[in-house]
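Please go over the structures that come below.
Consider the two complexes below, in which chain A is the common component and chain B and chain C are the respective partners.
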Partner chain A sequence: MPRIACIGGTIVILFLLLGLTGEAFAPYPPALSDYGNILAPPSPGHWMGTDHLGRDLFSRLMAGTRTTLGLALLVAAIDTFLALVIGALCGYLGGWLDRAMMRLIDALLALPGFLLAICLLGIFGGGALQLVLFLALTGWAQLSRIVRNEISAVKHLDFITVNTAFGYSVARNLFMHALPAVIPSLLVLMLNTIVGNVFAIVSLSFLGLGVSPQTPEWGMVLFDARSFFLNSPWLFVFPCALIAAFTLGLHLLADGIREFLDRKRFLFPIEEVRMLASTASSCGSDT
Partner chain B sequence: MAHRLISCFLTLVLVSFVSFLAVDLAPGDPTRLLLGGTAQEIAPEALDRIRSAQGLDAPFPERYLGWLKSILFGDLGVSLKTNRPILTEFAARLPITALIAFGALVLASITGFVLGVPCVLHEGGFVDHAVRITASLFHSVPAFLVGLFALYLFSFKLELLPLYGVSGGSGLILPVLTLGGIMGLSLARVLRNALLETVHEEHFLAALGKGLSYPQAVLRHGLRNVLSLMVTYLAMRFAGLLGGLVLIETMFSLPGMGSYILEAISSRDLPVIQAYILFIGTVVLACNLSADLLVRWLDPRVAKERLG
Partner chain C sequence: MIFFRLAVILITALFAATACSPSPATSNKLVIGIGSTLNLGNNNPVFIQRNANVWETLTELDDTLTPRPGLAQSWEVSSDGRQWTFHLKRGVTFHNGDRLNSRLVTANLLRMKNHPELDYYSTFSSLVSAVPKDEWTIHLEFSSPVVDLPNRLGHYFAGVFSPRAFGPDGKLDRPIGSGPYIYSQSRIGQYDRVTAFAQYHGVKPHFGEIEFKIIGDPAVRIMSLLRGDIDMIAHHGGVPPSYLDMLKDRRDIVVAAQDVAITHYLLFNCARHPFSDPASRDAFSRALDRHELARLILHGSGIAARDFLVETAVRWNRNRFSLLPETDEPVKRQLAALGKGNALTLLLSQGDASSWSYRHTADYLSDYFAKLGVSIRIEMLESGAWQKATQAGDFDLTLYPLSLPTGIPDLLVRRLAYSKGMQVRSIGNTTHYASAPLDALFEKALNAPNVSAHDQAYHSLLDLLAEEKPFVPLYHERYYYAYRQGLTGIHIDPFLKMDLGAIRFAGERE
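For the complex of A and B:
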């Protein structure tokens, strides 16, 4: 494995552990107000300073890791699952199902996912469940189309034809042979999707459309601080640093895996995949 | 091309359906929403009369078709909050958003080429590494946070630019720099990677063999090949740019489309949200379509491939 994949992997694992045990590291309860220390700069007592209610920023960020990462991973898992099922079926079977599905995906992709999520959250109200639902609803389309294109490219390769000649069933061919061939590309894309989801969750919370205000979450910390940024820069510097560290970890991991797969000649045959994977950014990172 | 236009039209119809359906499923009675605060004081029978007078009790397909028809005649409906036509409201808010988006696209294209080409001329050199590291740094947080850093540095600490509002155009500088700069950095990376693949192709080696220097060959033969890819990439990022604009406009307190939709959401102005979804869909589709046309013009091979 390339070294950058190891470094990235270590960072990501550290964050996941932090997400599982975040509260244990927090020196204070995340909602505890210390009214003697309102908007206090970083000090030995409060490592990252306090917010306008005197709440310890470090504790809030530690507690928020679980919410942000948990929601981002959940959305990525739903998207990947839907992409595998829908993409595989459409790509392998083709026909009217494929055409109808692709038309639907075209329509969904014509609407920027993040904007649609804003509108849907605005119409139906915010909350963790709605957040996951609408982000998943707007996120599966792109992954599905990529899986579908890859599957329909793999379908015509010799080894599948040989399998068919041997009398393998469609299901066996699809799930045991065609699908594993697209997993490597999907893995790299999935890591990028997680980054996109973290960005989307943080951004939506920042707009006040995400999780409920009581839940500690990275974007919520930024939302709470938005009237105090300029005079208390630690309120955005530390959350940014945390988001940046996690994102860099995921990007390094994704780049490392891609390098490894390239060396093993698991190349990406589809232009779109190459383009998405060749930049540090992909789905939704403009938000 | 006719095929492409038809599929575009079908997508647009689907988008309109999605936007109408989403708002139709919204919780709450649309008649009460229409009346606002006065709904409490109105008798249920009167409420029913208003409902049927407004056509709100008609079956779903009828209301959807009626809505589509009025849109075809250029009527997007009326904002519940201000009672003004949505079209007028959009027209008032659009220029700022369009200016930022256009500025960002132009800046991104320029930055992409200015930074991307040196990366290829000196592969593995200082510029190459610097662009790679800067690009991944700027992509490691959402764009609005980069904007916040810029706002803090240039407007608050150095007091060079206004803290909020348009201020005769100078308020648009930071948003354009933020969005365009970030997009330009990743465009430079895409350009670099695509160019480095092109330089191994035979026609490029032939150009070198005929005596062109490497930089000349890259500029004359390499770039021509990756131009269409650049257009496709920018079009792909455009949808994300529109999303980023909502946050950037909020961050910089600019009265554009993005902050308008947030206002509409907080006042539950459903017709505005409905019209906005349709509007964004149309813009993105138009953008993709024109990118397609541009690619055909830039790369005749694409047009031939699709014909055959």
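For the complex of A and C:
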């Protein structure tokens, strides 16, 4: 495994552990206010200082890690699931279903997803559920198209043709044989999707459209810090550092995995697969 | 700590350097940094905000919100409050050369009468006739008493324009007023410009041109002032208190404060449990710690409210609310009952939350009442969605700012308590409060034959509101503005208007 993948993986695992257990190790409850300690700078009592209600920033960021990462992973999981089902069916079956879904995806991709999410959240109000729904609604299309393209290339390969000749059902061919072939490349895409989701969630919360304002979440912590960032810069610096560290970790991990899979040739470069498929069909016609 | 501050200031400076094109002020040009445009467009009765000094009103409201002469130098009212005579100022010229006279004023009053959609406070709906008595005297007759007419003629949408500025639909093609500055041009998102009017009837304006440079972000506005791109920060937003520290050690910058005629209210939804019960509203209101809210959260941008209206409106103040919490046994019992129900929804408008400290105020209220056992859930909606939700009654609590444009509480009552709401824009009252005695008192105030009866009716109405509490005041706004050392003649009124004609440099500069 490449070194950058190990570094990225370690960072990501640390964040995931932080998300799962961080709140237990936080020195204070994230909502505990202390009016005697409002906007206090970092100190031994408050490692990252306090906010406008005297709440401990470190504890809020620990709790926020769970919220932000939880939501980002949930959106990525929904996107991936939808992409796998829709992309695989369209790519494998083709025909009218493929054409109709691809036009729908074209339409969705023509709309700027983030702006659409802003509009929908502005109209229907923020909240974790709405955030997940609207981000998932706008996020699956790109992934789905990639899965569809990969599946439609894989389905022409010899082993699928042979399986069909042996009488394997469409479902068995698709889910047991074609899909596993695209999983490695999907994994890399999924990691990038998580990065995108973290940015989207943080940005929407920063705009005041994300989770409920009382929920500790990275973007919401930044939103709260907006009016104080010149005089209380710790409110701004620490959340930004966390976001940067996590996204860096995910990018390193994704790059490392890509490098590893390339080396092992687990990924299916589309052009190569198409070439193999056309060679296979021309060989067939010669015999 | 020093590193943090340095880093943030450097980043902001870089941002400001790229965001603002350098346009250094000259001795003939004043550049004022503002948060949003002054241009209201021609669907608005005045086209450009009062702060641009393009148009004037028949009366003006002074710092205590009492009417004083404007384009009308004096007035008289009949004993029944229905007949008004206004004597106009002489020698007033409009930007297109028209002279102020009774015919011109009549045309302006009929513009409002014939186009009620432009008459935001329904002042002229009962106007029967407007007759010029001579060149500078005009007689008005109303079907019902309008004893507060001078107040209404001084509000910030009651401009007097040359009749050639508006067409048959009453809309202004261009704001041709009589102010010290002539409207020149606006560029969306960039600036509004005005140029000096040499024939102005008052003190001749010093600056040949004034540019209102639109800089939405307060930090960038401040950096622009420090860098010398602008000479002043004024208008809505001004210098937010949390940024004051950036300017405190600057000898070349003057920071000043002004208490403006805006009060921020906590509104209850009187049509929905639990705040349909006046006892719940009373307990919630009495538990409020306005003093702590102002001290901890507002950082100088608000003064804890003792009454519904700003302290400068001395005519209406009777200290109806306590600054400190009153948590006696009945209040505790009522709060305990509130705490047993579902979490209360405190709805915020995103627009208001970005203009004022509503997000932090809501946070504080939620935290404060959680300690008293009442759970509050904060929800933030885009401004249009907020309006829809409040009109549909889909909230328990909300925060709302309201100014006092006429110096009398008519807008406050219409917007927040009168069961018929706003007449002109068909907006119901936001609290969904309905009370026949209050409606009767309001109508009595509107139709009062003299000032004494008018004020008495309003005081009774405010007393009733203080008892029933469909909404309660939280704090009055304090506004900060800043300008370059050396500028003189700067005074901002309670509606954020400066007399731009009076501003000048103490000494010339390059």
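FYI, the second predicted complex is superposed on the first by the 267 of 287 C-alpha atoms of A that agree within 3 Å, B and C clash if a C-alpha of one lies under 4 Å from a C-alpha of the other, contacts with A are read in each partner's own complex, and residues count from 1 in each chain.
As a working rule, a residue touches a chain if its C-beta (ideal position, glycine included) is under 8 Å from a C-beta of that chain, and two chains touch if they have at least 3 such contacts.
Predicted model only: the values in this text are computed from it and were never measured.
With the two structures aligned on chain A, chain B clashes with chain C. When the two complexes are overlaid on their common chain A, residue A:125 makes contact with chain B and with chain C alike. By the touch criterion stated above, A:104 is placed in contact with chain B alone, chain C being left untouched. Touch criterion not met for A:180: it reaches neither chain B nor chain C.
Look at A:212: by the touch rule set out above, it reaches chain C but stays clear of chain B.
When the two complexes are overlaid on their common chain A, residue A:243 makes contact with chain B while staying clear of chain C.
In the superposition on chain A, A:45 contacts neither chain B nor chain C. In the superposition on chain A, A:27 makes contact with neither chain B nor chain C. When the two complexes are overlaid on their common chain A, residue A:53 makes contact with chain C while staying clear of chain B. Set against each other, chain B and chain C differ in how many residues of chain A they touch, and the higher count belongs to B.
Of the two partner chains, chain B and chain C are each touched by A:230. Residues 122-125, 209, 229-230, 233, 236 of chain A are contacted both by chain B in one complex and by chain C in the other.
Listed in rising order, the residues of chain A touching chain C in the complex are 31, 33, 35, 38, 41-42, 52-53, 122-127, 208-209, 212-214, 223-224, 227-231, 233-234, 236-237. Contact residues of chain A toward chain B in the complex are 103-104, 106-116, 118-125, 199, 202-203, 206-207, 209, 222, 229-230, 233, 236, 240, 243-244, 247-248, 251, 275, 278-281, 284-287. Residues 1, 4-5, 7-9, 12, 219, 240, 242-243, 245-246, 292, 296-297, 348, 350, 353-354, 357, 359-360, 362-364, 366-367, 370, 377-382, 384-385 of chain C are the ones touching chain A in the complex.
Only residues 7, 10-12, 14-15, 18-19, 22-23, 25-27, 135-137, 139-145, 148-149, 151-152, 156, 163, 179, 182-183, 186, 189-190, 193, 229, 232-233, 236-237, 239-244, 246-247, 250, 261-262, 264-265, 270, 273, 276-277, 280-281, 284-285, 288 of chain B touch chain A when the two sit together in their complex.
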